[in-house]
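Would you mind keeping the following structure in view while I ask a few things?
Labels for the chains are A, B, C, D, E and F, by order of writing; each one numbers its residues from 1.
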Amino acid sequence: MSRCVIQVINPNTSLAMTETIGEAARRVASAGTEILAVCPSQGVPSIEGHFDEAVATLGVLEQVRLGREQGVSGHVIACFGDPGLLAARELASAPVVGIAEAAMHLATLVATRFSIVTTLPRTLIIARHLLQRYGFEHHCAALHAIDLPVLALEDGQGLAQHKVREMCIQAKRLDGSGAIVLGCGGMADLAQALTQELGIPVIDGVGAAVKMVESLVGLGLSTSKHGDLDYPLDKPLTGACAPLR
Amino acid sequence: MSRCVIQVINPNTSLAMTETIGEAARRVASAGTEILAVCPSQGVPSIEGHFDEAVATLGVLEQVRLGREQGVSGHVIACFGDPGLLAARELASAPVVGIAEAAMHLATLVATRFSIVTTLPRTLIIARHLLQRYGFEHHCAALHAIDLPVLALEDGQGLAQHKVREMCIQAKRLDGSGAIVLGCGGMADLAQALTQELGIPVIDGVGAAVKMVESLVGLGLSTSKHGDLDYPLDKPLTGACAPLR
Amino acid sequence: MSRCVIQVINPNTSLAMTETIGEAARRVASAGTEILAVCPSQGVPSIEGHFDEAVATLGVLEQVRLGREQGVSGHVIACFGDPGLLAARELASAPVVGIAEAAMHLATLVATRFSIVTTLPRTLIIARHLLQRYGFEHHCAALHAIDLPVLALEDGQGLAQHKVREMCIQAKRLDGSGAIVLGCGGMADLAQALTQELGIPVIDGVGAAVKMVESLVGLGLSTSKHGDLDYPLDKPLTGACAPLR
Amino acid sequence: MSRCVIQVINPNTSLAMTETIGEAARRVASAGTEILAVCPSQGVPSIEGHFDEAVATLGVLEQVRLGREQGVSGHVIACFGDPGLLAARELASAPVVGIAEAAMHLATLVATRFSIVTTLPRTLIIARHLLQRYGFEHHCAALHAIDLPVLALEDGQGLAQHKVREMCIQAKRLDGSGAIVLGCGGMADLAQALTQELGIPVIDGVGAAVKMVESLVGLGLSTSKHGDLDYPLDKPLTGACAPLR
Amino acid sequence: MSRCVIQVINPNTSLAMTETIGEAARRVASAGTEILAVCPSQGVPSIEGHFDEAVATLGVLEQVRLGREQGVSGHVIACFGDPGLLAARELASAPVVGIAEAAMHLATLVATRFSIVTTLPRTLIIARHLLQRYGFEHHCAALHAIDLPVLALEDGQGLAQHKVREMCIQAKRLDGSGAIVLGCGGMADLAQALTQELGIPVIDGVGAAVKMVESLVGLGLSTSKHGDLDYPLDKPLTGACAPLR
Amino acid sequence: MSRCVIQVINPNTSLAMTETIGEAARRVASAGTEILAVCPSQGVPSIEGHFDEAVATLGVLEQVRLGREQGVSGHVIACFGDPGLLAARELASAPVVGIAEAAMHLATLVATRFSIVTTLPRTLIIARHLLQRYGFEHHCAALHAIDLPVLALEDGQGLAQHKVREMCIQAKRLDGSGAIVLGCGGMADLAQALTQELGIPVIDGVGAAVKMVESLVGLGLSTSKHGDLDYPLDKPLTGACAPLR
């Protein structure tokens, strides 16, 4: 594989989380892979619902367009709801992978069923819808929420991290799952230690998505431009969205 | 039912289509219902893919916020992909109904299976995903695309209308369906005549959604604010999205 | 919408319940709608299983035939199992809506997932089968039975009503649902107060079905007579069923 | 297995078809099995839709009650829609098996996928619903209708039989199925010859159901009376249905 | 039915369990049926996972080939995972039925939903996969494991039998199921007594499968040799597998 | 990522195909990855059905055990039916990936729906079952068979390759799919050229699986040994299978 540049897009505007995500991506990237960790200049500081996702999607698309101009090899959407995934695939010429799908795909390769641990209960419906869309409803044994907001993962107090760990331990004991999927980009730095401590695969989507993009690039595969993921039809965009094309 | 004001949001910026949609809405609205047909001031002139939907969603949310400030009784999202539906439900206090879901729901009340006739083939995947999300996969016998863009419905030449009619006739003959769902807000004015001519229910989502909103309002039911459709969490939005809250 | 006459059929022979249902229907009917609340002259006093449903279906069909002769605008089948729904659609020329389907449809418009509260545990299987048939399995988070018979709702003691309320409160707290569907026509009068008290949509199918029929009538849509819901083939019926055609 | 008496209920009132069905049942019954082929004294002469099914269900239940009084070992409902199946299970103390379910179950034991050949197109929806209810959607490759009414199978002209044969041959060639399920009790006498001629299992539900009942009886298994198939609750039935209990 | 010889294959090498299974088969076999209870000469002493299944499958195929040479009328695979079922169907000319499928099929004929009670928790995934493959996911209310290995059923101490009984009682009380499926061939001798004691159908797959084979034989139906269950293509097998053809 | 050794197991005994597969694996392997392409010493020369799969599974497990002894970093099962996948995961300590699952997973990342092109029609059922097991039924638009045996891909005449190409072109034109999955390990060398020529992703599972293993290794993830994929329970294997543990 020649040089591979992966744009890892944190869809929210939190610089701390962008750094967490970027570091998690770099930690697992192959030798020949460069990670560009970015976030939108404007938008929403954290994503905890459909409204937040809709707002963040614009930032994702803005970054995908920028990344395409820069000639990146692939894009990662680093929010567990995979916001804007199909729109980004239309816009991109390179592969685009969401961290939720990446984590779920890999989880099915190492366990017959997995559990999901995420942040606020209101985001569970997003994960449920993704499980249905991606086809993994039968592979998910249970979903859990620690009932703390996304940014609690970045407040330096460690309570959110503590609760994630507790929930993973409980999920291992009670769900009959062989693996756990961490349901937030901000948990990316926890996966390795939890995998060690719990003795089961605890999967972070950021790393998983980086590896999926590397895989597609290495195979010479990119988003199909035949059919419904073809580039957006050429139309005059107006207003705040105008620069998107 | 006291006075009911329904905001019918055309998610694209086509004024002609907004008018078509508004007229279709008014034609079926109850005596006590006022229709406010609006479209975003900025965005995309037609919606034919996921990128277009993502862009249009911002306009939908902007209009929902405006409608909420105006105290409307309910909102209709008048594009067959129901763009931004769950985000709009978070933002709104009144009911929000998409035209795809409305048409599909009503179709299952008058036929055991229905066919969908839409515009470009690339939009079929959006309809497929909605069928899965809403639970109507088993109720849809077939999906058809006339292979003309959305705005061909507004070009005054009638070719698109002709093709819709041909496709409906063919669907009636071949699909084993008892009803047809028109898969574009811009086809709203065709439903009644086709229902007459074909002798089967040909369902336009705009009218269907107006009736669903009237129904919810009449029953005193509104979007649940308990759980995952609660108002978006209060956070500082920045940039083009800042006015959304 | 011109004058609309909706025949609301209580499939059991309980006059008290027919009155409860009729009042619930009138409370939400539009100004131009007249409600004809009827029940079969003969049959079963309450419906709590498949056998009861089979017996009641004859009464439903008898009433549908009568309603058709009277030229009603639409029919509601006011028992949560929607007994005889497809047979009634064959027999009717006007729209026919069941209260279970109506409540479930509307529940999906105001919440991402709903709970059902019904009477005896043995009726749960009927609700489960309807969820599967209608496509709403993924939208139903949980089903609950108060373990009292249907007619306890009409005994004037209020115990059943008390248990329904308790169960709804518990369902709101534990199921992660945004709305509750009341699983019996005899609960029709409880929906509004519970919606107020609990602060979430508590949906009664009688009102919901009246609104669905009004919607279909207002849109000029009726049961498709093309295909499998066409009028029953003309054959000599004999015995008790002879008057049905 | 001691003496086993199986009541084979033809739900329609056609004596000719009752005889066809009875003969088919006797042809495959074990040595110790006695076949009582019956049909309702009143009802509908053939079953080609939901209305016909609803009417016929009463006759089925009447016969089940009679059979129970006679102490039969089991009941077969010999119409491909399995009309009244769950109601009959409530009423019966012995096992009750429908010919559609029996044929579908056995088909999955001899082929990975099967095709269905039935009479009128309007009955296809009934078969589709049964496939969904029983869990065999993925096992059915295709459904076909010969477009002749049920009673054409009894008119002595052989056209219907000819069309069934043609359709089976075509299904074998085109559907990728390993077996064919005959979708009407009136086709019961065709299965053996077609199995021979086509060289694939062509399955008649009447014989299949007789064998299922023999199997359950031989295993000492009967309809569960714990839970939702318990005997109907004791209530005063009135009118034509009064003798049902 | 002329003389019927059913080869009941215990896929593991435990002679004690082969005897238990053979006795259970003989107890329910019809007068004209002879039971040949066999097990592979080599393989694995009990089957508690996918690896064990893979190993045991060879023994199953070896026995099927032997049975075919002996001209048996049908084969039963008497391990609840139905190991090698489709491969055995390719190899056999007579019908082949697995005990898991047989028990599940019959359970759906006597109850609307059933529970499964099996041995070790690690085998639950096998049952889950079979439920999905066979189409019975909606018919299974719950799965339970007694957390004892298969051979505890043959150790003469009765602890496993005690735990099975306890689990069945609990399942009856809590699952809302009308029937219980015993999830291990080694439990075959418990079904009748538990059915008596609990008053609900407790179904052993060995007996069920014997009856299914008798049914198919009695109907003149055998594994379809048209399409994907045709005999294995003729190829040179080498090594330990060479004698398999 | 430190040195990574991937054992690519061709489950059949064809040395020519093992070479084709090994070369395809090496072509896409990362710089630090060593490919060990192996096949069983004994078994079946090609895999075209369930019987062949069952036989080949033993060879797969034998190789996995060898690979584990050699300390390989991961295993690929290079037959499109993923024979023995879960058994291999029990046996292995390193990750195990099948080429069917790998190709299907990646196909969903680059297209909304894909088509499968495989060899003999009788293998289609295996692909169908995998789609169901893995959750990708909704992502597969169509399955096609070229109707030539697996080894025609190795006969040097090119007819099979020609037919694969024709089928891919036809699938692109007719299926509405954005990508094609090649349904046989022996087609591994065709993917790149077809991707180029057709202008859509044509995905070979061998390369895909190598990348999936590299991904899992790079992330420090391996088969979960908690729960149902734990090592096989320690039991005395006898006969040809004895060396497997």
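We take it that a residue touches a chain if its C-beta (ideal position, glycine included) is under 8 Å from a C-beta of that chain, and two chains touch if they have at least 3 such contacts.
The UniProt protein names, listed by chain, are A, B, C, D, E, F = Asp/Glu/hydantoin racemase.
Being a predicted model, the structure only gives us computed values, none of them experimental.
Listed by label, which chains are in contact with subunit B and with subunit C?
The common neighbours are A, D.
Would you mind checking which chain's C-alpha centre is most distant from the centre of subunit D?
Computed centres place A farthest from subunit D.
Same or different: do the copies subunit D and subunit E touch each other through matching residue numbers, with over half of them shared?
Counting which numbers both chains contribute, over half are shared, so the two copies meet through the same residues.
Where the centres are mean C-alpha positions, what is the separation of subunit E from subunit F, in Å?
30
Indicate the whole-number Å distance between the mean C-alpha point of subunit B and the mean C-alpha point of subunit F.
The separation of the two C-alpha centroids amounts to 44 Å.
Could you list the positions in subunit C whose residues touch two or more of the other chains?
86, 89, 112, 121, 124-125, 132, 138, 176, 227-228
Is the chain-to-chain touch network here best called a line, a ring, a star, complete, or other?
Drawn as a graph, the chains match no named shape, so other.
Could you run through all the chain pairs that touch each other?
Chain pairs that touch: A-B, A-C, A-E, A-F, B-C, B-D, B-F, C-D, C-E, D-E, D-F, E-F.
Where on subunit A is subunit E touching in the complex?
Residue list for subunit A touching subunit E: 112-113, 138, 176.
Applying the document's contact rule, which stretches of subunit D touch subunit C when the two form their complex?
13, 40-46, 48-55, 57-58, 61, 84, 86-87, 89-91, 121-125, 129, 132-133, 149, 227-228, 230, 232-233, 235-242, 244
Can you list the residues on subunit F that touch subunit A in the complex?
Answer in residue numbers: 1, 28, 30-32, 86, 89, 95, 97, 101, 105-106, 108-112, 134-139, 172, 176-179, 192, 195, 199-201, 203, 207-208, 211-212, 214-216, 218-229.
For the complex, which residues does subunit E have touching subunit A?
Residue list for subunit E touching subunit A: 121, 124-125, 128, 132.
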